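Chains: A, B, C and D, in written order; residue numbering restarts at 1 for each.
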Amino acid sequence: MTSRLAPAWRTTAWLNTPEPLTLERLRGKVILLHAFQMLCPGCVARGIPQAQRVAELFAGAPLAVVGLHTVFEHHEAMKLESLRAFLHEYRVKFPVGVDEPGEGGDPIPRTMSAYAMRGTPTTVLIDAQGRLRRQLFGVHDDLLLGAELQTLLLEAQAGPVSGVHQPAPQVLPAAACDDSGCAAPSR
Amino acid sequence: MTSRLAPAWRTTAWLNTPEPLTLERLRGKVILLHAFQMLCPGCVARGIPQAQRVAELFAGAPLAVVGLHTVFEHHEAMKLESLRAFLHEYRVKFPVGVDEPGEGGDPIPRTMSAYAMRGTPTTVLIDAQGRLRRQLFGVHDDLLLGAELQTLLLEAQAGPVSGVHQPAPQVLPAAACDDSGCAAPSR
Amino acid sequence: MTSRLAPAWRTTAWLNTPEPLTLERLRGKVILLHAFQMLCPGCVARGIPQAQRVAELFAGAPLAVVGLHTVFEHHEAMKLESLRAFLHEYRVKFPVGVDEPGEGGDPIPRTMSAYAMRGTPTTVLIDAQGRLRRQLFGVHDDLLLGAELQTLLLEAQAGPVSGVHQPAPQVLPAAACDDSGCAAPSR
Amino acid sequence: MTSRLAPAWRTTAWLNTPEPLTLERLRGKVILLHAFQMLCPGCVARGIPQAQRVAELFAGAPLAVVGLHTVFEHHEAMKLESLRAFLHEYRVKFPVGVDEPGEGGDPIPRTMSAYAMRGTPTTVLIDAQGRLRRQLFGVHDDLLLGAELQTLLLEAQAGPVSGVHQPAPQVLPAAACDDSGCAAPSR
């Protein structure tokens, strides 16, 4: 278990939030930080949708899903105006910070450097006390991500997610099958 | 939270296991019971693959994935010989019990009745003390299923899954994107 | 181009059709013969759905989609009663013949042998004159299958498919994007 | 059948080609014109991948796949530099022209207007004589698109695609099943 505090975020702008987010302001919540680039195919196809599903499915839990636009290539192609349009078209609702450019011509932006991220997408889990607990480059399996989030939520004494987020069971027609399943005849 | 003990399983045969499984023999382990029919399209396309991924991803945890063949229609079409071939062709590795036929012409088999399952697939979570904690008809979201399993595993004092099941991070070529993500240039 | 006549079908039963189908009775139509086994995962996940989409999308063309159950393993598990339930549950609507068992203990059924099929799924295209024009083991790409079917349909003087099977264009909300596309603002 | 000539393309830049493409220069070839916006989710997820597969699968046929960047919203977000990076990251290899901005503040670019396209993605098929034969808003079914392309290719006397583009059949291990299919035992 990593116990160091997560490095502070250094950003130049925020979208989808009235004011900038900081680790301090989110203390007490579990944080899923999703670092991405808007022109990274794996982020668009899989990483961002996963982050959005987490935000939706755990909406009732003390969890903050935060995006971080960590541009390390094609900087001219992914400026703020393009990111804003991207978030609009892809219906990304969670807050997204823009990582501060590296200094002295470093292509790697500063928060990305501070976390020693290897590329995008990178998923970072930060516990309610602000400690960096998990960092993964590439797309994580939903089953494991759900398990890891729950560990941090339970530590934060949020109670089990299963108790508060049970989706309504699917009602299927009696004695028939569709793509979801087969309903038993009623008795 | 449901606290009643999970009903005993009533079965006529078992596959993929040298001897029949019972709740008593699995006490101390969290159980994911996956009730399916081999000719249920939603089970084949989504439910069984999910159960298999749980078995693989949580292989190091005190968790038992158990299948239950709960045939409630087309009984002649899904006999033991067909089930055996199905498990072979679909490479299902976890143990599967065959639910005992209902009595007096009841099309619903006995374990399915005892659990009041509404159809297939149905996913049942049983905690390490044998209590029925969750039952869901239809296919569950991986994120939520992972969270619910983790709750039961942590209760069983198994320690966090995230500590023992970290898949090796994906190694991507430097400074290039593929379907999984974009790697940062090395420095 | 193969120009030999397609071998006759030798079958023991037919489902989804009031009477047995033969090549002679279908003369004048292009035939897509889909050979499968109900417990073949690739057939279930991809081959049969492809054959069904062909049947639906080319419904107005002189084309017959015909299934052939070519069981060459697990014979006891895939008898007529199981096949019947399978077709019902998977909503397969096209006619399906049951290939006649091989003689002298040969596990390969007779039509499968006559066509020298290498396994399942196998897709066979037969032209309107009864000639075997294409045979492919594994799942074919939709774009190429569409092209090949069209070649045979045009030869049969059916006229271009594009003229008769244009699906209604998708109507999207003005000036908004969804998963299908982005609609331009109306003027 | 539409018989009018396809409107000329009005573009301000081209990528992935040493020199601008025009309908005249492509005369004699069938053209698949794919109109898209780089921030259109349906284009990214489905339309562009389909156009790329056409380019690959029909590589030997007299067919040109041409992209057209028809930006009608978020103009500032999808400038040439962003498009160039997008094509690089998504590995789009076919030539792409940039549609000329509309005049007098019209958000719809000129080629898009001339074709009366309703949004993105739009797929346009132009025959070897330069006539506009098909225009579809939204994502087309692969089977039908393959059939329509083949009609135009056969008209252009290219001969059947099936004769020249047969992918190597998949070789599966003897007497075993995988996700693609089941191989028969060798005899």
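One rule holds in what follows: contacts are C-beta pairs under 8 Å (C-beta built on N, C-alpha and C of every residue); 3 or more make two chains touch, one makes a residue touch a chain.
A quick map from chain label to UniProt name: A, B, C, D = Redoxin domain-containing protein.
Model, not experiment: these values are computed from the prediction.
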In terms of mean CA position, the chain most removed from chain C is A
Between the Cα centroids of chain B and chain C the separation in whole angstrom comes to 34
Averaging C-alpha coordinates per chain, one finds the centres of chain A and chain B separated by a number of Å equal to 27
Cα centroid separation, chain B vs chain D, in Å, comes to 43
Listed in rising order, chain B residues that touch 2 or more other chains are 40-41, 45, 73, 89, 177, 182
Among line, ring, star, complete and other, the chain touch graph is complete
Interface with chain D, chain A side, in the complex: residues 39-41, 44-45, 73-74, 76-78, 81-82, 84-86, 88-90
Chain C partner, complex, touching residues on chain A are 89, 177, 182
Contacts from chain A onto chain B in the complex sit at residues 1, 37, 40-43, 45-47, 53-54, 57-58, 72-73, 107-108, 112, 117-121, 133-134, 136-139, 141-151, 153-154, 160-163, 165, 167, 169-170, 172, 175, 177-185, 187
